[in-house]
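Next up: the structures, one after another.
In the two assemblies presented below, chain A is common to both, partnered first by chain B and then by chain C.
Coming up: the complex of A and B.
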């Protein structure tokens, strides 16, 4: 594989994490504009634990995920009364508060004669894990691919359990869920928390892959993109968001020769895809048809 | 006196936010949908009219008219591509994402028409300051009064004309309006065109006080309009006006007392606080968790 292709595929894997986190929130029927914040919290906490405290990389990622989980839990608890646009705006406000405060915090240090550390809008430089351990781009791609596959397999297993089925009912129709005896709030809170943790995991890997992070990377565009991936891919199966990321980055890269008109074509194309597949390409209907094909007993 | 000066500055600038929030509120009231492409519609119409001006030199009044027309047309294009196909009950998120895709498209188009990234926008009033114990910029004062005038027209159209009545009917209950023979698709297109024209006037005023167009104008409009609308309360038109003014007041006071880099942080903190404590916004009705909230999912 050429280096270019490896880089593109690594990016597909990394953005799949944030797309999966948007997917989990959409399943419980909410729309979040703020997943980029957890991506950013994951990236920054990895960088802080790894650079300032010399933790091992695995622990840094795990700590980052835990922080993201509890932050998301906190956010979902304070916004428990909100839904729809109100919830979306609350998450957006949260994400922007995170991003803007990262612009203000400066605490630069020098490590092995290299400037690093939190440095406001100039970002956090020199997270040198992949250089210190001599991991080439292909190796890093395999690492992210393996972690992503484990996550997707876990979500597939979860799909067969009652947790996911109940969550889907909560997302589809709140009143139906309540009349079936499903209490919506625990599902909502837990799924938002889990989405935060997944996003944080992706953010940690992103920081490792980039070796440099800055607050501007975690703007609103990233969050809305993650929503778009999920909506294009469909809410039927956990591979839907991955397909969305592939389509998005794939189309964008393949029409690179049209560079000037790229976004003009792409924007129109996405809108037209959504007209024909309003529930995404792997919609719940297609997903249940696929399930019947593979598991003869069906649901 | 310093406080008074800051508040006056805030109110004058907040009136521009109010206009943006009103156009957003109109669309949200009628469609129960968010049009993320709204800001870039305004940007594209401004850039397009500047481009026409550079070719045919139509003058400032011509720019104004071209802006109104192109903004209405682009808004109808957005409606046909993003909102018309998804007008069913569950199309809310999808139409939002579609409008996001169109946002990218329109932004790219405007950077195509504006290769040098920044262009000067003609301003039609002298940029002088005058003194009645406190400084007030004439063009901002003018913007303020135009905003009040525009709001009056807005309310006149909504509450006194036939179209306004139909529009409010569709907004109140789409199904019921259909059953009594209202052509809701046509009314929706009308609402989009109307909010496009209204937004274009707001954008024209803002741009001529700033006297330049940058590619960030579209994103800025979308964000400020949304935040002002949420502060005031969704679906309440007086709320949108008050939300815009409050946003202006907050920003100018924070800039004065804390510094410019804290401006957006404080705005979002206050927004989050209001959403948590009084979810309906300052003027909006308290949201009913179950039925209304379910139908008002974006």
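Coming up: the complex of A and C.
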């Protein structure tokens, strides 16, 4: 594989995490414009734990995920009375608070004669894990691919359980869910929390891959894209959002003569896909059909 | 068992119930009818927690239902269907029972007799309305409710379907389940119910 292709595929994997986090929140019927913040919190936590405190990279990522999980849990509890547009606004506000704060926080240090550490808009340089451990781009691609695969397999298993089934009903028809005896709150709170952790995991890997992060990377467009990926990919199965990422980053961003017009083409493409597949390419209905095909149960 | 005590409910300035009381005993078969706006659906919404009364008490046995959420009340065994069918359009009927698989398998006979068996692999949009209404009733029955409220279950049924459906309810609603059927038309209630009540604006419930 050429280095270019490897980089593109690594990016596809990395952005799949944030797309999956948007997917989980859309399943419980909310729209979050703030998943980029958890991506950012994950990235910054990794950088801070790894660079300042010399934690191992695994622990840095796990701590980052934990922080994201509890932060998202907190956000979902604060916004428990909000839904729809108001919830979306609250998440966006949270994301902007994070991004703008990172612009202000400076705490530069030197490590092995290299400038690193939090440095406001100039970003956090020299997160040198991949160099220190001699991990080539192909190796890093495999690492992200394996982690992503584990996550996707886990979500597929979850899909077959009552948890996902109930969560989908909560997202689709709150009144029906309640009349069936399903308590909506735990589903909403924990799905938002889990989405935060997943986004944070992606962010941590993103920081490792890039070796450099800055607040501008976690702007609103990243969150909007994560939603767009899920909406065109569909809410039926966890591979839906991955399909969306593949279309945008895998095809549009990587074909060089197109990349200038990426936003224009992507916008148009979203519109066209939604005309033909109003519920996304892998809609819940198609997912039901597939399930019927592959898992014939009794009756 | 289920008791509404001097319940008052108004929407804006309009009083629906001034002082409504009724008591549902175990195994009751109650038909409830009334004109438009007399509060038939409001009564169901109050009893299942989707609305709160302005005054009065609602008790199941010794437990007050006033502080409970609708899902908690549903778990206590007070189940309902909806006037406009509420089924997910992206799931086939078989996936919409929301009870453990074993329960479905144990009650295959009931599902078969209800006549929806041939539709289990279809989406709601591919089924006729009577099938969807039966599906909702079946879903509630499979959860073994102690009280079952049916809001216009026979709307859109032909005469034949109605006969079949009343037969089905008589045979398959368990003896210890209290059934309340709310209808505009009285055919179904006449066949299934032993007590028939009428709702009139701002008046106590009356036997009819």
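In the analysis below, the second predicted complex is superposed on the first by the 284 of 299 C-alpha atoms of A that agree within 3 Å, B and C clash if a C-alpha of one lies under 4 Å from a C-alpha of the other, contacts with A are read in each partner's own complex, and residues count from 1 in each chain.
One rule holds for everything that comes next: a residue touches a chain if its C-beta (ideal position, glycine included) is under 8 Å from a C-beta of that chain, and two chains touch if they have at least 3 such contacts.
None of the values given here were measured: they were computed from a predicted structure.
Visitor: Taking the superposition as given, does A:264 touch the first partner, chain B, the second, chain C, both, or neither?
Guide: After superposition on chain A, A:264 lies in contact with chain B alone.
Visitor: Between chain B (first) and chain C (second), which does A:247 come into contact with in this model arrangement: first, second, both, or neither?
Guide: Touch status of A:247: no partner.
Visitor: Comparing chain B against chain C, which has contacts with more of the residues in chain A?
Guide: Larger number of chain A residues touched: B.
Visitor: Output check: A:135 vs chain B and chain C. Expected answer is one of first, second, both, neither. What do you get?
Guide: The answer is neither, since A:135 touches no partner chain.
Visitor: Which of the two partners, first being chain B and second being chain C, lies in contact with A:284: first, second, both, or neither?
Guide: Only chain C is touched by A:284; chain B is not.
Visitor: Which holds for A:31: it touches chain B only (first), chain C only (second), both, or neither?
Guide: In the superposed model, A:31 contacts chain B only, not chain C.
Visitor: Check the residue A:175 against both partner chains and state whether it touches chain B (first), chain C (second), both, or neither.
Guide: It touches chain B and chain C both.
Visitor: Both chain B and chain C touch chain A; at which residues?
Guide: Residues common to the chain A contacts of chain C and of chain B are 173, 175, 279, listed in rising order.
Visitor: Going by the contact rule at the top, pick out the chain A residues touching chain C in the complex.
Guide: It comes out as residues 165-166, 168-169, 172-173, 175-184, 236, 279, 283-285, 287-288, 291-292, 297-299.
Visitor: Can you list the chain C residues touching chain A in their complex?
Guide: My answer: residues 48-50, 69-72, 74-75, 79-80, 82, 86-92, 94-95, 98, 101, 104-105, 108, 111, 117, 120-121, 123, 139, 143.
Visitor: Spell out the residues on chain A that touch chain B in their complex, using ranges where they run on.
Guide: 26, 29, 31, 78-79, 81-86, 88-90, 93-94, 96-97, 100-101, 103-104, 173-175, 220, 224, 227-228, 231-232, 260-264, 266-272, 274-275, 278-279
Visitor: Per the contact definition, I'd like the list of chain B residues that touch chain A in the complex.
Guide: 28, 34, 36, 81-82, 85-86, 91-94, 96-98, 100-109, 112, 223, 226-227, 230, 234, 261-262, 264-265, 268-269, 271-272, 275-276, 279, 287, 289-291, 293-294, 296-298
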